[in-house]
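Letters A, B and C mark the chains as written, and numbering starts fresh at 1 in each.
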Amino acid sequence: MIRFRARKKLNMASGISELAAEFVVESGQLAVLHGRSGTGKTSVLKMLAGLMTPEYGHIVVHDNVWLDTDKGVNVAPADREIGFVFQDYALFPTMNVRENLVFALGKKQDRKIVDKMIELMELGRLQKCYPALLSGGQKQRVALARALVRKPRLLLMDEPLSALDQEMKHKLQYYIREIHSLYRLTSIMVSYDLHEIAALADVCIELDNGSVCRQYKSSEMSANQVLFSGIVKSILLSGNTAELRIEAHKNVITVRQSAIFVRDIVIGDQVCLSGNLHQPDIRKI
Amino acid sequence: MTEWNTLFLTFKLAFVTTCLLLVIAVPLAYWLTVSSLKIKPVIEALISMPLVLPPTVLGFYLLMLYSPSGFPGRWLHTYLGMRLAFSFEGLVLASVIYSLPYIVQPVQSGFAAVPDNLRDAARIMGKSGWEILLHVYIPTGRISIITGSMLAFAHTVGEFGVVLMVGGSIPGKTRTASIAVYEAVELMDYSLANHYALILTGSSFLILMIVFLLKSTKSVPF
Amino acid sequence: MCRIAKIKNILRCLVIVCVVTGCKPPGEPALIIATSANMQFAMEALSSGFYEEYGIQPQIVCGSSGKLTAQIRAGAPFDIFISADMVYPLALYKDGLAESEPLEYARGQLALWTLTEDSLVTLDNLCYAGTQYIAIANPQTAPYGKAAIQILENYGIWDKVESKLVYAESISQVSQFVLSGAADYGFIARSIVSSPEVAGKGCWISLDSTMYAPIRQGAVLLKKKDGKHPDSKLFMKFLFSDHAGAILKNYGYIVPHRGEEDE
C-alpha cells in the first residue's frame, strides 16, 4: 500500500503554484496519474522516487516510511527499491542493451535476472545493440526491463508510451500488463492517453491545479463526467461496431462503440467522450 | 642539439601537466555540473582566474609561495626537502594552476550536455557519485575530455610569463621553448628563434586542428 | 532605417572615443633613457639630480643590456643608452645607430648577496650542500652574469657550483630571486645592494675586482630618425659631471676620470 501526501511550490504551466496532493494506492494495483500538462504529475513521481524533496511530505510504501519531513526522514533513491521508466528512456548511450541491464543490478545480485528479462521482453537479438540503433518501442522495452532487474516493489512510469505510435503502444501495454501481474508489482504511471488508461488502469488519480481532484476505480466512472474531447479523424465500420479515431492534444485515441450510437457523427466533428472509460459516451459538441 | 632537449622538456612539461589535470579537472567539472551549492560561482571564478590574470601576476604569487621564507615553501622545505622554485615540479604546479580553466570549462560543458535523467536513472539504481562519473559521464562526455586535455596541453606548451618568473631558465630543467625563443631574440640569433617558433606554431596548429575535427564529428557511440 | 541609424550612431561614438584616447596632450616629447638593470636605482637618483640642475625630467626604461640593444636595433624610440658594458653600445655604434663610440661613465662592481642571516658570506659558502640555488644574470645577455662566471672559474669552484646556477632574465630578476628566498645566493650589482631600497636586507660582500674583467659601463647618444632630442646632449654632459660622479660613487660604482679612485 502506498500512502502519499506532499506539498511543494512548483513552477507549473499556470505559473508558480503549490502542489498539494494526497492519495492512496493499494498493493498490487496499477494506478494511472492523469490530468492536463503542467499540473505536477511528473513531480509526484519524482517525489516518490526520492529525486525531489517536497517542503512537506509523508510517503509510506508497504509499511516503510520513505519520507517524513516532520521527523527528518528521507530515504535515498537507491534504498527505495523503485523501478523508474522515463519518458525519453534514459538509456546509457555508451552501453549496449545487455550492459544497460547489467549496470542496473545491485552489488550482490545474480545476473540470471538479466537473462530472464531479456527473454521476457524479447530482446534476445538486440542484446549487443547500442541504444542509438534501436527503435522507440525497442528502447522502451529495454527501459522497462532495466527498471525491473532490481525486482522493485514500486514501478514508476512517466508517460512511458507517449513517444510511440499506436501499434507500438498496444504492444508495450501488453508487456506492462504482463509483468505487472507476473511480478505482482504496485505501479504508478503517468499518462493522458484515454485508451491506455482504459487498457491498464486499476485506479485513476486525476490531478488538476496541483491537487488531486478525483480518485476512482476505472470501472466506477459515473456518466456525464467529461473525460476527453477532440476531432474525429476516421470512422471505420465493421458490422455493428464503429471504430473511431479521435485526435486531441497531439494524441489519437481509438474508441469502439456500437454503430447506432455514433451514426450522426462524421469525420471532422468535434466530439467529447465521457462516462465509462471502457465504453465511453461519444457526443458531438 | 640543445634545441631537442628544450623541446623535449617543453612537451614533457605539457604532458605531465595534462595528466595531472585530467585527474583533477574531470571530477571537479563533474562536481560543478551536478552541484547546486551556493559556493559554486566562487569556485568557478577562482578556477577561471588564469584566463584573465596576467601570467606575471600568477608568477609573482607563485614565487612568494615557493619561497622557503614563506609559509608553504618553508613547510615543504622542512618536511619534504622540496624547493619548488627553479624546479621542474614547481613548473608543473604552476602549469596546473595556469591551464586548469582550459580543461575544466570544456569538460564542464560536455558534462552539462549529458541529460539529467541519465543521472536520475543511475541514482535510482543506487550508483554513487563516483560510479556515475566513471560509467555515465566520462564515456558520454569523452569528446569534451579529449578536447579539454588537448587545449590544456597546447596552452602549457605556450606558457611564458609564469615560467619566466619562477623557472630560472635552467637548461634541461626549466628552460622551456618559449623562454628559449625569448633568449634567442635577445641574443639576436634569429635563426634559432625561428626554429623554435616554427615548431611551436606547427604543433599548436596541429593540436587545434585535431580539437576542431573531433568537435565536428557527431559522437556516435561506436 | 531605424537600425541603420542606430549603427551609425554607435560607429560615430566609437570614432570619437578612439580619437580622444589616441590624442596625446600637447607638450614636449620626453627624454627617454634606456638603462641597464644594474643602474636601476642609481639612475633614479641621477634623474632627480638632473631635474634639480636643469628642470628636465627624463623617462627611464630598464632592462638587461642585451634586451635593450635588441630593442634599439628594432627601432625603439630611446634617446640615450646606458649600458652595463662597452660591447653592446659599441655594436650599436658600428651599426650606425649611435652618434659616437661609447664613453665609460662608471665601473661596475659585483657583490655576493644572501638573505640567510649567516655568520660570514664567502664564496666558499656556495659549495656547501645547504646552498641549493645560486642566481646569476643570464651571462649571454648581461655583463654582470659574465663577470659572475669569471669569478667562479677564477676562484676554482665552477665545477662544484655549475649545477646550482639559476639564470635570471636580468640583474633585477636576480634580486627578485634572492629577496623572495627562492635563491640562496645571488651575484648582484653592488649598486643594487647598496641602494636605500634594498639596504638592510640580508648580507653581502663586495667581490675581489681582480677576479673578473672590469665591468666597464658605457653610455651612448642614439641616432634617431626624427632628429636628436635637444636635451640628450645635456644629459650626457651631466652624466660625466662631478655631481653625477658623486651619486654614482654613492651607489658603489667606481668612477674613473673624475679624481678619486675607490677600491
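Rule of thumb we're sticking to: contacts are C-beta pairs under 8 Å (C-beta built on N, C-alpha and C of every residue); 3 or more make two chains touch, one makes a residue touch a chain.
As the structure is a computational prediction, the values presented were derived from the model and not from experiment.
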Greatest separation from subunit B - chain, by CA centre: A
Geometric centre: closest chain by C-alpha means: B
CA centroid of subunit A to CA centroid of subunit B, Å: 48
Whole-Å gap between the CA centroids of subunit B and subunit C: 35
Subunit A and subunit C, separation of their C-alpha mean positions in angstrom: 80
Subunit A-facing residues of subunit B, complex: 115, 117-118, 120-127, 135-136, 139-140, 220-222
For the subunit B and subunit C complex, residues of the former touching the latter: 63-64, 66-70, 73, 83, 85-86, 164, 166, 168-170, 175, 183, 185-188
Touching residues on subunit C, where the partner in the complex is subunit B: 64, 66-67, 70, 73, 115, 132-133, 135, 138, 140-141, 165-169, 176-177, 180-183
Subunit A residues within the subunit B interface of the complex: 46, 49-51, 77-80, 82-84, 86, 88, 90, 92-95, 103-104, 106, 130-132, 146, 150
